[in-house]
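Can you keep this structure in mind? I'll have questions shortly.
A, B, C, D, E and F are the chain letters, set down in written order, and residue numbers restart from 1 in every chain.
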């Protein structure tokens, strides 16, 4: 994929880009400048606009599409863009914000029908009804939200993409270990991070909501399962087990789960979540790394730099 | 207070006691015996009934009141009762189980009216209505349950007694630090452990319920607050803040709170809970310790032995 | 499966069993007795033989097959056998030790050909040759050893069974995440615990060897890979990567890996190992647990008791 | 309270301020400048004086009062002052350094008489005499020192203010838990941080002394209690208990207490210290935060940002 | 060395031994017995005296010398003595308690003169005078006390023996690293554990005193150094540095040092203490282990079992 | 020693120096500059060359010797050099790179013969032959490599210097504790870090090799010992013990040793390594510190600042 993140130091760019963030600063000597994060589908880059006027500040607000000419240079080990020309793109130019956002590599429709199919495969009607009820209630956001503000699946529809990958992985594992209840695995996967549609602010410029900070997606969804069961009139043990699956999916108290996994499927759900999240992080950093070299350090993987062997292809 | 825990090694007892637990064992040489935990209001003691018959096993089930004669001796550092005579007390003898249970030193009525008064003092109607709704919903159990199966306030009405003590402490602290919102402190205190009426099995022979083990009293009560708000039609920030107070009252993720305290009253609630729980534990072990000596080790206080100074008359 | 572990307290048994361990003791009052661990394919049970003579001590050495009559009773929460009659089985009685050993549920031949097939599927000749060389070198022991002295796969051929399950899981995961190099996964799985044939003493009455204690299976196999490469004249990066896969498969320094995973397949290998080991442990304890009840505490799973839901038919 | 910390970005100030710290720097391009921390009773702000001459360096030493005109701007998320005019204030202008120092909200006299009163209320003469002796010995510094260089009560007379608040809290708690020995609590509160008058350099521009770094206020005061007892001829257990109260008030070895609390009042003293220190930190950051927003991160509170609810009027 | 610890299971002994501890117990069936710990210079062994009378209890108090005949048998992995005959030794029999106590392998006189010599070699008069003052003040106890109640140097004169070994080690290290101030090392070694003469109860049947538990040998000696300096009229930095050496010798807060080492000699003192303590522990357990075997687990060495190679002839 | 690190802020230098590192940067306003690390035998300093041309970039590559005139100034607490004149030195000027590299204070020849002597003193022929074989195999690099990229002994021949110091320390300790096998200590010292000649890139501009990162010097040398034994036909327990010494010398799993020390000499080797590494670090920072002041913080010593007492001469 070509895009802003694929240019090398020293190259000149002439591109349409989306403003993701903008902050105003003042140089040591008192002159105003703007720090602008510009993005396209490939990722983002920081740029500086020196000697910025008040009009500039108004013109270059987040979610504005701009035409930019500039040079890529290196600043403290990361690429930065030195803007030579910049102007907002007029509404009639045929661009839409969605053209500049990184999204899941699978379409929303495809993901939606895949999840529907997995729910259809459930045999336990209580588990099936609660899962279907909740996915329906939050369907629109669920299909658009990222899975996190950073670290992994931090792109449009990242949450649904993470869930779909985990469902496929669950199916494979349940096939190999027949004692696993695939209904519980599927429901656990679909619900485990659904609270993020309340914890996070939305699909773009994603931040934590106040409820996200004070309650968290785990407790939010445990409550939602309780409410769903009440509304559907289900009073069976399945309700408590679904709540437990969500509650325990971070694996340990110190990682945010007030109870550790205490049923078989909860233990395995925690691993399925980990494998998929880590594969996503590894694939992203390794795709930007040449054979025989190391990735940048990955904070959410204990700050490790991974090595890319030379003998692949 | 006199009672079974107040006798010294070598003394002979002749008392009515309640059977708290009974388990059957077999000696090294294959003979059956019963291990019986006997209790009265002062606490409990382990006893052995050797050469126990099948009738004995039937006769000495938990919650049976018995007349016992025996000697106190020391077994591995703890007092044990060697039973010389034992017989069940006939129904007409005028004893009731309640006569043998340790209970809070304040009456249920007194505690109940004190809590009502604190709720009455709340000025924020949303906080007040949710608190009143939940205390009403669980009133009977709340006034009878212990606060835990062991460690602190592990006696009949221990939960309500813990709450009342914490309310008084909250009032004193709010008086000294006027920035504290006493409504939040009172509501936080009343609700923080209320989920224990679902987490625990009941006021006597208390164990954890399955829901207690898999979900826990914190998440149970966070859900209950959400339901109460729905039923009362309250959609204000107060709901989330009350949920946060309950959620965070263990202080840290590794102690079972998926979010740490993030508002002023949540931070202080955690300390109020600690001070009251620790004073209860300290008072119990120190009341059984002579000046110039150490208490037994207290597991929930990092296994410390506390010293009782000699100069407190 | 019927067997010694399937009897309930109070039942009388009349079975052929194998002596797994025997230790002599003395009662408080100075009389000798034997503590005998008896096993069959279902597991093992502790038994006491009171008033044991010197002949008894000689007759009931480990690896002796005996005919036993006795009663199951409960001693400190675990089943124990009270021996009423016991006698060694004469050589001509048609029993062999193997009849009493727990073994993998798949035959050695089947496992062996499955592993051969996975090696055959490898496309990188260096990886393939080293793996084949080492599996050949230790083939006999590899197919008979357990994977551990306790915790998981602690039965005859447990090591090979663990490897075969992990290979199938690797294949499924590599199918879902195409960036993974399946050669590395398969080789990593086959070699990761192969050092256990030197670390452990053998398929039965398994203990740690001195080399196992002082060097450990990880370093043993890292050395073996180096030697194999020397003997095969391979000096490519693949050697180092295979060593790294083995070295890092415990995931963290504090779990015994001097280097954390630093390539994609090493990270995933660690998870595959965990999922298979945990499923084995969970299946074993849950198979002995009734719906609606808890398993015994599992030391290697952070001492948790797992709950078995009631709605799995 | 108005003052330098109450201005917003973009505003112009024209104020008398005190220089708290001054350091000379050189720009990237080799030109000298001064970084000056200016303070008044409301707190402090960083300012830059560009193209500073040698005279400037001499004129703007710490503890100089200056008249400043300048603009507030934002530099990396914190307010900074861009100096437009600055001049030292002549001695005759009627300002004193004390006019610019943040101080406790209660007068020294009031705090002093309150502490005297608490000492007067002690009933145990040994505890009373040692406490009175030490407070007298260090009275002047005790009433002027801060309680720390940062984190909490880091202002003139902060130490005494912290002690007075803790005494009031002790009285309230001792009133609710009658088993507590209020003499020990009061003495523990008064002495617990008194070693800070040796550990710290003084009431302004506070740093750690060498003795503070190498021995620490806890051990310093334990020694002082020993000396005081010697001078007063007291050889009773009270001496050791007072030493223990000071020694253990950080609660755990890893927090700097070589012994954990081992008497009831030591355990509670640790909590009283925590509640008062945390309330001071919380009140300071929350007073600068609008309802519905978060405070800055507070390092000494595990780096948390606290939320200020919207419903407090 | 021959002695009670050198007998093997099955052997019969006929020895004079010292009673170290005695506790009375009751068998399951209610009969009294005595558990007696018997010792000689080689160590100790547990013995049981069944059917003990009241006279027995009086006759076999700690510190009584007895003549015992009995058999060594194994009880739960440790040797135990089954007493066949026992009688107290009459005063005139020519034994003294000291004949049965394990002591340092070097005489008190030799150790005393060695320490005197090291003090004599000090060149800094302040360090020398304080060290000499304190060693003189506690000379008698210092030369007789053990260095601990268990773990290392837990025998008569163990403290002095530990100090002398550390002095020799200090001299060797200071010879190799000339930047080290040997005066500080010697003084640090001599004073570091001197507080144990107050922390511990005495040379035999050693326990912790109340002051030992509540204050600890580190703080006790820091105070003593302060007092010594006062009495000698020394007000130089050396006093604080000596206090720091003692204060920091456990190396980290969590190991009981409220300040970590902050001068060069303090850092090295911590290592010298460790090397000598560990060599003492290792030598003791390895002396009881055959080549090719493992020692018992050593609690104070992270519960490790050490291996004794076979090639040390 | 005079040199670039010995100048004070404000002084002007006119020196020949070696370029250690060079990186190109761009100022905020887009102008290119070079950051150059210059070194001589005393250490290194950072310098800025403003308005750097493309020729400058080519001329001032690492390992170039330059003549520099400039001023020392302070930038964020560290000395920096402001270059006024700089020019490369022509080949004929009689300087060699070695003139500017910090090296061990003892000559390679002296270290080499000392190590030979220690090997000669070994009495166990197996230990001696393996050690001699390996030191011979890597002799050249062993005598030139540093012991680390930073922290301690990070200079030319630092590895051999560290080993020689440790050998002398081992000899002294083995002299005091005669149970120690000096052969094992000497061999352990010589081999413990020898894998660094593969782990690190070389004597100057030292970085980690890929094998260093993925396998590490410990596992590298364990393998080498195995190979050496194979080549020498040694199959005795000594091989395993030497491997264990290397494997365990970091002391704990979390510090990189997959097995903790399990023989006496392994435990002591860990301490000898620590004492020598820490003395090297302490001596370096304290040599740059004035009496009565603190060193810079030392990252590898838990980020402590050490105090230099005033009374050493």
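Quick notes on this one:
The working rule: contacts are C-beta pairs under 8 Å (C-beta built on N, C-alpha and C of every residue); 3 or more make two chains touch, one makes a residue touch a chain.
Because the structure is predicted, anything quoted here is derived from the model rather than measured.
Looking at subunit B and subunit F, the chains that touch each of them are A, C, D, E. Between E-F and the choices B-C, B-E or A-C, the pair with more than half the same contact pairs by residue number is A-C. Of the two chain pairs considered here, C-E and C-F, the higher C-beta contact count falls to C-F.
Per-chain CA centroids place subunit D at a distance of 45 Å from subunit E. Here the spacing of subunit B and subunit D, counted between their Cα centres, is 40 Å.
Contact with two or more other chains is made by residues 210, 213-214, 241, 262-263, 307 of subunit A. By the contact rule set out at the top, the touching chain pairs are A-B, A-C, A-D, A-F, B-C, B-D, B-E, C-E, C-F, D-E, D-F, E-F.
Against subunit A, the residues of subunit F that register as touching in their complex are 24-26, 28-30, 210, 213-214. Subunit B makes touch with subunit A in their complex at residues 210-211, 213-216, 218-219, 222-223, 226-227, 230, 240-241, 243-244, 247, 253-259, 262-263. Partner subunit D is touched in their complex by these residues of subunit B: 124, 126, 165, 168-169, 172-173, 175-177, 179-181, 236-238, 241, 260-264, 267-268, 271, 274-275, 278-279, 282-283, 286, 301-302, 304-312. Within the complex formed with subunit B, the subunit C residues making contact are 27-28, 33, 48, 50, 73-75, 82, 292, 294, 307.
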